[in-house]
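Here chain A shows up in two complexes: once beside chain B, once beside chain C.
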Partner chain A sequence: MAEATTLRTAPLDRARVLQWLQTYGVYAGVAALLVVNVVITPNFLTAENFRTQAVQVAPVIIVALGMALVIGTEGVDLSVGAVMALAASVTALYLGYGLLPALLAVALFAAAVGLANGALVALVGVQPIVATLALMVGGRGIALVLLPQLEDLRNPALASLGSGDVLGVPYLILIAAVLALLVAFTVRRTTFGRQLLAIGDSRPAAQLAGLPVRRVLIIVYVVCALLAAVAGVLATARLQASDPTSLGNLMELSAITAVVVGGTPLTGGRVNIAGTVAGAVLIQLLTATLIKHDLPPSWTQIAQAVVIVAAVYAARGRGRR
Partner chain B sequence: MAPPAEVLAVRGLSKTFPGVRALDDVDLTLHAGEVHALIGENGAGKSTLIKLLTGVYRPDAGEITFQGAEVSFATPLEAQKAGISTIYQEVNLIPLLSVARNLFLGREPRNRFGVLDIARMNSEAEEVLRGYGVRVDVRRPLRTLGVGAQQMVALARAVATDARIVIMDEPTSSLEPREVETLFSVIRGLRDAGIAVVYVSHRLDELYAVCSTVTVLRDGRRVHHGSLAELGRLDLVSTMLGRDLGEVRAEGLTKFSGDHQATDSEPVLEAHELTVPHRLHGVSVSIRPGEVVGLGGLLGSGRTETAKAISGALPVRSGRVTVAGVPLRGGSAAAAIRAGVSLLPEDRKSEGIVPGLSVRENIALAVLPRLSRFGLVSEARVDSVVDTFVTRLRIKASSPHQKVGELSGGNQQKVLLARWLAMNPKVLLLDEPTRGIDVGAKAEVQKLVDELAADGLGVLLISSDLEELIEGSDRVVVLKDGAVVGELTGDDVTEDKLMRTIAGDTAATAPAAEEVAGDG
Partner chain C sequence: MTVTKTEAPVTTASNQPHGEGEPAGSARSERLSALIQQHGALAVLVIVSLVASFSFDSFATGDNVSNMATSSAFLAIVALGMTFVIITGGIDLSVGSLFALGGVLAAWGSRYGTLVALLLPLAVCGLIGVVNGLLVARSRLAPFIVTLAAMLGARGLLLAVTDEGAETFLIGKGSLLAELGQGTTLGLGNPVWITLALFVAGAVVLRRTRFGQHVYAVGGNEDAAALMGAPVARTKILVYTLSGLLAGLAGALNAAWLASGVTILGNGMELEAISAVVIGGTLLTGGLGYVSGSLVGVLLLKVIQNVINQIGSLDSSYQQVVSGAFLAVVVIAQTWLGRRRQLM
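What follows is the complex of A and B.
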């Protein structure tokens, strides 16, 4: 083994670097941004700043968790932004009956969208990108039919969900953290998680091994939609207004970015939850850094693009030897 | 006659991968018009040697002299341009392009304006392919051809590029006997044209039919080289395995012990009149506990389809399957597995293993729900199942956490067997269980099938290896064009009888043939 190590040639070294980057690059990126900000950004090391950043990134993380599961099955869900909008509309419509009934209604609508996505993918056999594209367009359409324009929401329960905290930690952050742990546990320790990965890696083999392929796929899309709905409700609660026109716009892309930057390959069979969370945090920090230094938003987009390309490049090193 | 010119001389070639000495100081000499067998178990270094010759890998040490000059190919394209063509086990052409486009890819004929001359390309392609016994519309996309025909296109392409050396890596693994004959005549044509051929195969018959010289690799080293005719079959096998000759002879060429104690009890599996449009026409098979039933027939006779239909992987139009007397609700692999019927699929790589998951996850894949409580996996129970089968089947992996995709074919097959044995099945359907795996693993798999039958399992065995089919089976059901054309039992289970049945000599098999005729 020692001999083998010394014989390693230059291309292999690069492969190792890429491998390292894919696994730990996202954490290194977060750490680097933190250090840079501590040095160059005034008032960065304040609890208030961290709170703001965390509250902003929480909805992205929650959506990205579901997205990571879907991508783990070699799929993709473009309808998450639309589901957030739908969640906002339905919340506004049913808030009159109280927060809990409204949340229940949101869950039902979201589950219906997830079920439709899952059925199209698993039963009809439509490609995920096409199936969820339909719901991405249609879902926001339904949201706007239910609630054509922005509506202010005055509900103390909802308001406290959006801005309340426990010992200084906002509910938003707590909910995101609990959900991340729950999803990570599901992937690692449950039958469902293992089956999901097997299906993503080789669907024909999973099918012949007797795995409930259809059921797992449908559940994955339902879970993804439910998580998006949670994000939608939390965002609405923070705004104290329901905004189906713009809420969740481009969220699908942010979520996919977080997942990919976090080291989950688009080819399925692997899900990296910790990486996904870090990926969302990385993008958030990058955006915040540029904004705080008064760079125009176009710069933020370019910076995001660079991060995505770097992540894809690192992922490319995998599987080649 | 002057001795044929040396085309290729390889001296002291070595290649090391992290942790593995894949090739160690190997020599190889090829002369014009030589058909050279390159053999060895999986992991012996055949693929590495080929990849070094064709510029896929760079050697760590040693030199390659090609047509008198030392060469160092940086890419497969360079090697191909220099005159070393390779046909891989899996056809690597472009499925959506036309047959003709594939044949001429990268060297398309152009007219005087430098524009692709499609008419000329098509007519030339047709003519070239006719020489290979392939008569198809060359404008059709390649993927519409059968695998055998695709292989022929790959071969024609390799030869047409003015090759001096043609390397064939298990070229017959997806060919029918008739196509194998065509391949052999093509190889003889190459030989007569002064082209050197390197022939890699696990099928001994083929090696002796077509090769003149041989190089045997074992554990990355060359352990034998010379004339093939002077090396007997048993010597060849023992050299390859590195085992004592007496030991191999005593055990015969396959590991099967012969007849099993098939009881007269009720069949554990009965498939009745299975019909799948265009594939199966009323196929009936029954298997008793402890019995190995072979499915004989040529490629495309419906053997794989029969196994898949029984296991629920292929929807049937009519017919029924009962397991231990209980009718199987058809249409899903999951239902068949619950009832105790497990299928080891023919296409191990794409339908069997889950390549990115570990050995452990692959073994536990099907049995996982039984090792779980409320959907939570019990890691301890998984570990104990995995340990049991890794030991029992002698699965060689660096650890249970190694990815299955990195294992050799034989070990991948053992992982799949472990996956099913963990389920305690009543019936195992084995579709080409030893295809493409090395001789040692093959013997182990055969021995295991024997043991399983002895333990009372019903086994359905599909194999293109006649020897394996005959020695392994207690009874052989012969299929032809999707229907049962005969059944061999007792002393009739011989290669000769099997061939006669396939060929349509109904004398030995009248009862079964009548049965089929009755179904119309």
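What follows is the complex of A and C.
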């Protein structure tokens, strides 16, 4: 870098711009979308609108947090959508015993899926994509076997979880915020977080350094599944219905997009939690903008595809430097 | 029921090399694991089919077999392209969307004649495949994220063509296209014959041409392949293009068979295709794989599906559970077999 400064100035400027874009691009994108919307979208600056957007993005943020951890270990978890569906089914099945037993059952099922993912990746040595693909197919199948069709849920405790608020801030947003802080703290300030990043940087090196590679990997996949289950329960609570057929469809894509757009490289070794949250917000705002201006879903999807590719393309240079 | 039956041979097979003596039997054990790798799925297919035909009277009837063959054909064509991609060490998650898009474009184009109906999906899906290939090979982006984005984009394009999924285009009766999809030759549907021809061609290309050797070389070790002078980037672009073309063709044939471009098809098809390829003995790490294995893998998935449908009391979502479990078992077995071979 030092050499480049003295020798060539013009390319360095470009490199600096690129670097800046990679780190702060997602925040700039969110800010730009906010400004654009304030100007062109009627009724954008209302508390009601912000509330709606935030409630919609909360489950995506929660899933993306777990995904960020997994991607930090140079893995990926495709089964998060299936875990959400599983959480919806299990909630519906055990809600008769009360909310707390139902939540415990959900946690058990999700932990089992995470354990299976983690064992396949850490103990057997299967590639993360394939291991979690098996659970993605099988998990949604189990969810549908447990509860074949949509079921309305009438439980006051669950309903208040989905639509209640503290001082005007919905529970969903509070839970997402608390979880984001917890995950950020874990990554930055704990031994576990350090070990996770070390494994993502180089698994053989981590192994040689004597880190408990297998244990950390298994815990990461369990945590990811548990976070997905939380998102599944919250989404179910908001809908007041359990919908294992469509809940969490394509959620893995949204979560991976949020993580990648937020500046976490797919090659592992680095996790950017603030960026991940901003990435989820960016996608949500983009979708909302297109929908509010009556652009059909087709264009929304195409726009999302372009944003994903652009974000991965922009993030690409960082790994080499 | 089916789970235990199908899993049993695979698990016992994977344990077998463990029992062999370490140094003395190593050559034999290596050959055995290679044999299981290549033909394990075929053995399971034969066993499951035999058990099914003894258990259900309606399984081995001509109608059922011909139905199974036709419904396997479309997935098989997609899996053929996927085999090439996976042998290079990549993955293509966009095939399900391309399948649906191909069908819709074929149905839309059928009003301008059969030639347009076939060329339009091939052109569009092939082009998306080229873009996938360019992003993977030239820009060096991760294949799964590129093709995941393409999956989303192709689905969006499909919605744009069909007025947000509200419009279904029909294929007129008696046209050449309808005949191609619905007609039969020698008792089997035309799509089955087309599929067989494509697989023969695919096997020849993979085994007997320079391109095929490059596909293996790139998947085996990309750096070594580049040093040997193999055109790594071009090979990758070609396999993704091929995968896109075949997914589009499968979609077009499927639309011809159904006589309409159904917009909601192809969800989860990429998973089925990947499962079939992996079950057929192709390594997901690349460098090793068989076109014939993928065909066996497709048949195995379809036979299991058929058996689950025959057991009337079972919900069709059991199919997903069985497929997922089966995929996991096969991948575990493969990893163990592969590790044993590396140790020797």
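Here, the second predicted complex is superposed on the first by the 310 of 321 C-alpha atoms of A that agree within 3 Å, B and C clash if a C-alpha of one lies under 4 Å from a C-alpha of the other, contacts with A are read in each partner's own complex, and residues count from 1 in each chain.
Everything below uses one rule, namely that a contact is a pair of C-beta atoms (placed from the backbone, for glycine too) under 8 Å apart; a residue touches a chain by one contact, two chains touch by 3 or more.
In this text the structure is predicted, and so the values were computed from the model without any measurement.
Student: Report for A:14: first if it touches chain B alone, second if chain C alone, otherwise both or neither.
Tutor: A:14 contacts neither chain B nor chain C.
Student: Counting touched residues of chain A, say whether chain B or chain C comes out ahead.
Tutor: In the superposed model, C touches more residues of chain A.
Student: Which partner chains sit in contact with A:308 here, chain B, chain C, both or neither? Use first/second/both/neither.
Tutor: In the superposition, A:308 touches chain C alone.
Student: Just checking: does A:270 make contact with chain B only, chain C only, both, or neither of them? Give me first, second, both or neither.
Tutor: The answer is first: A:270 touches chain B but not chain C.
Student: Quick one: classify A:129 as touching chain B (first), chain C (second), both or neither.
Tutor: second
Student: Of the two partner chains, chain B (first) and chain C (second), which one does A:138 touch, if any: first, second, both, or neither?
Tutor: second
Student: Once the structures are superposed on A, label A:212 by its partner contacts, choosing first (chain B), second (chain C), both or neither.
Tutor: The first partner, chain B, only.
Student: Which residues of chain B touch chain A in their complex?
Tutor: It is residues 16-20, 60, 311, 313, 333-334, 336-338, 343, 345, 350-357, 361, 364-366, 368-369, 372, 375-377, 419 of chain B that touch chain A.
Student: Would you tell me which residues of chain C are touching chain A in their complex?
Tutor: Going by the criterion above, the answer is residues 91, 135, 139-142, 144-146, 148-153, 155-160, 164, 268, 271, 274-275, 278, 284-285, 315, 317-325, 327-328, 331-332, 335-336, 339.
Student: Over in the complex, which chain A residues touch chain C? Could you list them?
Tutor: Interface residues on the chain A side: 76, 116, 120, 124-127, 129-131, 133-142, 144-145, 148, 250, 253, 256, 260, 266, 296-302, 304-306, 308-309, 312-313, 316.
Student: In the complex, go through chain A and note every residue touching chain B.
Tutor: By the definition above, chain A touches chain B via 1, 3-5, 7-8, 12, 189-192, 194-195, 197-198, 201-202, 204-212, 269-270, 321.
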